[in-house]
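These are the structures, in structure tokens.
Shared chain: chain A. Partners: chain B in the first complex, chain C in the second.
Let's turn to the complex of A and B:
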């Protein structure tokens, strides 16, 4: 019994060490955001000798934080909202309609999930540039295009566990298809909607490459603004890390409120 | 159902008449449908006459006067026209099919909808599901299918830095680009070098992250471990940071001369007994660069697997383990016969997406060391994978869009082929319940 207890203790300690190692980049981020530019180069790991909070106010101004935060928020909320609604509808349509055509459409959606973005970005940008859509609306539309395949794939999987008899019962009660979807099916899909939402928020909120090709200075999101700290010759780590610390505070707040859903969402997406 | 001669005649006539869209529907006494199909037909004819013919010939010639004709725009407009043509052909087929179907129904005496309202109701009932899929589908066509079409076409042209429109014209060259990649030694060697490293990278990095993820999940989900949720929260934290920043921070820490690993961590480790390591050239020695990016990817990628596998482990019924214990199975046997099969049964499709994700993991490779150090020819560095090579081929100072497009086609075939094979074998792709 004693031996078993000691083994448990060792396991706990190993786990804690792993977690600490895992957290070390966050430690480095916070510690270095209060160092001067000079001290970052001489000592990355240690505690700063003098604490400077100027970095934060400078980064806040350089990032134009409130403005770019709102830009990020608009893009993320609209894109994810549209992805959830349209992918759920499309997956419902394709899953309930078991014809060859809908099988083929689903196949194309899944295949599109695997196309690497970098290989299609040039024709994509020239097409959207030609129709004057290199703006926020165009970007949201592109996110719908790129995000819907994985989302439809996930919805499709979890829809197969929603009994068709529900649809039939509702039809007998006189509901039309539109009502069946919105009043019955969509609420049942809530767990997978959370998963789809989270995966897409993480992707879109942090995305750099696509917005960098589409958005102008005025509508730049936080990652775009952040990239300006990494100039060709001068990498301003002290500002970048301070900016990063500011930028992830809202994410961490959301994260702590939603963590139960996030963890449940990720595993539900696979288990169901 | 037996059809008399009269009925046969009728169906034939309806189908023949619908060679001009709408006439078949008029013959079937469905004037409203007829008008719609006829209108679509006219719109298409007008579109063809004003824009389409020019776009199609443009796609064929890719321009004749250098400096005036812009080959790239002609390629894009031509591809757009191909899409429009495809949509029209689908509608055309629907038109003939509809005329035939209604005529068949009428000849065996089934009443068909004549009025506008009845037809709209019918469309709403049967076409509703396709209507639901339409927005997502439209976005995907313009964001993915169309660029893919242009990319595929580009692979068969000579669009490179010698042929940049509008100053120069781009021409069709057939399979020449593919031939170059396979038979021209300079291309073949770089292609093979990049491809083999891509495969090694994909397997090493992904397997590493899956192994670490499964291991930590199994260990930390033992009943007696306290604070399981706490670990879950901590492991998900990096998702709050844009990937490019995480990777660039790592890139900075691994810097040969001023990075924290070489200047602080290794000297610290050297204080321990029996350990004596020299500074490692993480950024200038291809071998160590490869080791570094595989390790970092394992570190970055395992939390997702951890959370996923934790969920699966909690769904395995406890009595299975109890029964195995009573039968005398030890911990390793229990893991091999109960835990592993349960994990793989559920998570295989997700594992496959992890492999394909790393196969195309552009940010990790490009942001850590820009695919360097050194070069394996044709613009590729020694740690470049196919996707970062494509990026360099299209955004560098001497772009080679045709080679990039050809490589893209090959990548896509590999990735889609393998994934679909695995999806088909697992239940993720089951169409029937």
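Let's turn to the complex of A and C:
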């Protein structure tokens, strides 16, 4: 028994050392973001004697951070919102309808998960350009198209454990499909909605390639703005690192509060 | 009855339209114009299979496929070994178990573009600084050669993705019945034997999932590639996704890029279909 305890202690230490290793890139980023350009050159690892926060205010202004943060927020909230609403509705229609056609449509949605973005990227941009939809509305619509497959798949899976007798009872009480879905089914689906929401938020908030093809600089999201910003400051790491830190802070704050949900959501999404 | 089918289509409408407009129509449209010489401007001619013949002579494209394949093989091995290792560690009864999961998973939440920039600083400046301090010359000049660019991408990917792979293994490890492990312990099996003969066969489906996830992730990687090495030096660390992007939007060879995209689609969809096949087989075995 004693040996077992000692083994656990060793593992505990190994784990903590690995955690430090995992965190070290963040340490390096933060510690160098409060140095002057000269100090980074003389010592890249240590904590500086004097902390400079000027980098942050400069980067904050140059990133136009509040503006790009709001842009990211708008795109993410609207896209994820409509993905949740419309995917849940579609999955409900597909799961409850046992016809051949319904099965085929579900199969198309699942099969669409195999299509990589780059293989439709060029025609997509060209088509949306033709109808002048290369803007925020167009982008949100694209996210619905790309995000709905996995979301429908996940909703479909959990709908099969929601008893059809619930629908039948409500129909007898005189409720129509719309009412049944919103009053009875959708509330039951809340756990899977959380999973769908988390997976899509992680993807859309961080996505770079699609917004870079669709949005102009005015409506740039954080990753997009970060790319422009970085191009401007390639040799000025003190500013670049402060900018990167600013971009990461909101994500870390959310993670800190919702980590249990996030890890569970990702786990459910991957294993199902 | 009529009413029923109306509500069916109304519920389905929004996603069906968006899937068609955003994915299916571009896929078919792209397939068709990969047989033309379209360059993004008006007008194009049908040129048959010429693009497909040319792409097998395009050194940069072939090199990007080779580089991506090499990358995928190394990434799969390292990610699964390290991901499983981390999962085994944090499923022991450690006090810090939850804390460790949180930390290892953290890089997944941050965009590949931003992570690539951070690691660019680490490889170029921090490695160099440490190398000078410890007189290790091999730490200098990272990302300036193909070799260090390759390992740089691998280190970044492993650091970012191992936590995700860990989460998947954890889900399967927690499904292993505790009685079986205890029974094996009673029979005198040591911890390696217990893992080899009890746990390992039971979590085998996790290997399939993780294998294909890492494979398709490697093939689709773009952001990290762009921000860490931008394909340099001399396009030698350019992966397939980036090569297609460059052909289309930097060289304006839209139709030629689309023929590469079609090949890319066949590779990625092929990987996915193989996974589906293995999953089905597994279900039969159970």
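The working rule: the second predicted complex is superposed on the first by the 246 of 272 C-alpha atoms of A that agree within 3 Å, B and C clash if a C-alpha of one lies under 4 Å from a C-alpha of the other, contacts with A are read in each partner's own complex, and residues count from 1 in each chain.
Here is the rule we use: a contact is a pair of C-beta atoms (placed from the backbone, for glycine too) under 8 Å apart; a residue touches a chain by one contact, two chains touch by 3 or more.
Given the structure is predicted, the values throughout are model-derived calculations rather than measurements.
Aligning the two structures on chain A places chain B and chain C in a clash. Shared-chain residue A:157: touches chain B; no touch with chain C.
In the superposition on chain A, A:149 makes contact with both chain B and chain C.
Contacts of A:103 after superposition: chain B is touched, whereas chain C is not reached. When the shared chain is aligned, chain B and chain C each come close enough to touch A:114. In the superposition on chain A, A:81 makes contact with neither chain B nor chain C.
In the superposition on chain A, contact is made by A:130 with chain B only, not with chain C.
Shared interface residues of chain A (contacting chain B in one complex, chain C in the other): 8, 11-12, 14-15, 18-19, 22-23, 25-26, 28-29, 43-45, 86-87, 89-90, 92-94, 97, 102, 105, 108-109, 112-124, 126-127, 141-142, 144-146, 148-149, 152, 177-178, 181, 202, 206-209, 223, 226-227, 230, 237, 240, 244, 248, 251-252, 255, 259, 262-263, 266-267, 270-271. Chain A contributes residues 8, 11-12, 14-16, 18-19, 22-23, 25-26, 28-29, 32, 40, 43-45, 82, 86-87, 89-90, 92-94, 97, 102, 105, 108-109, 112-124, 126-127, 141-142, 144-146, 148-149, 152, 176-178, 181, 202, 205-209, 213, 223, 226-227, 230, 237, 240-241, 244, 247-248, 251-252, 255, 259, 262-263, 266-267, 270-271 to its touches with chain C in the complex.
Remark: chain B residues 72-73, 76, 80, 125, 128-133, 135-137, 139-148, 150-151, 154, 216, 219-220, 222, 224-226, 229, 231-246, 248-250, 252-253, 258, 260, 263-265, 299, 303-304, 307-308, 310-312, 314-315, 346-347, 350, 353, 356, 360, 362, 387-388, 390-391, 394, 401, 404-405, 408, 411-412, 415-416, 419-420, 423, 428-433 touch chain A in the complex.
Taken in their complex, chain C has these residues touching chain A: 7-8, 11-12, 14-16, 18-19, 21-27, 29-30, 33, 40, 86, 89-90, 92-96, 99-115, 117-119, 121-122, 125-126, 129-130, 159, 163-164, 167-168, 170-172, 209, 213, 216, 219-220, 222-223, 226-227, 240-241, 244-245, 248-249, 254, 257-258, 261-262, 264-265, 268-269, 272-273.
For chain A in complex with chain B, the touching residues are 8, 11-12, 14-15, 18-19, 22-23, 25-26, 28-29, 41, 43-45, 86-87, 89-90, 92-94, 96-98, 102-103, 105-124, 126-127, 130, 141-142, 144-146, 148-149, 152-153, 157, 160, 164, 177-178, 181, 202, 206-209, 222-223, 226-227, 230, 235, 237, 240, 244, 248, 251-252, 255-256, 259, 262-264, 266-268, 270-271.
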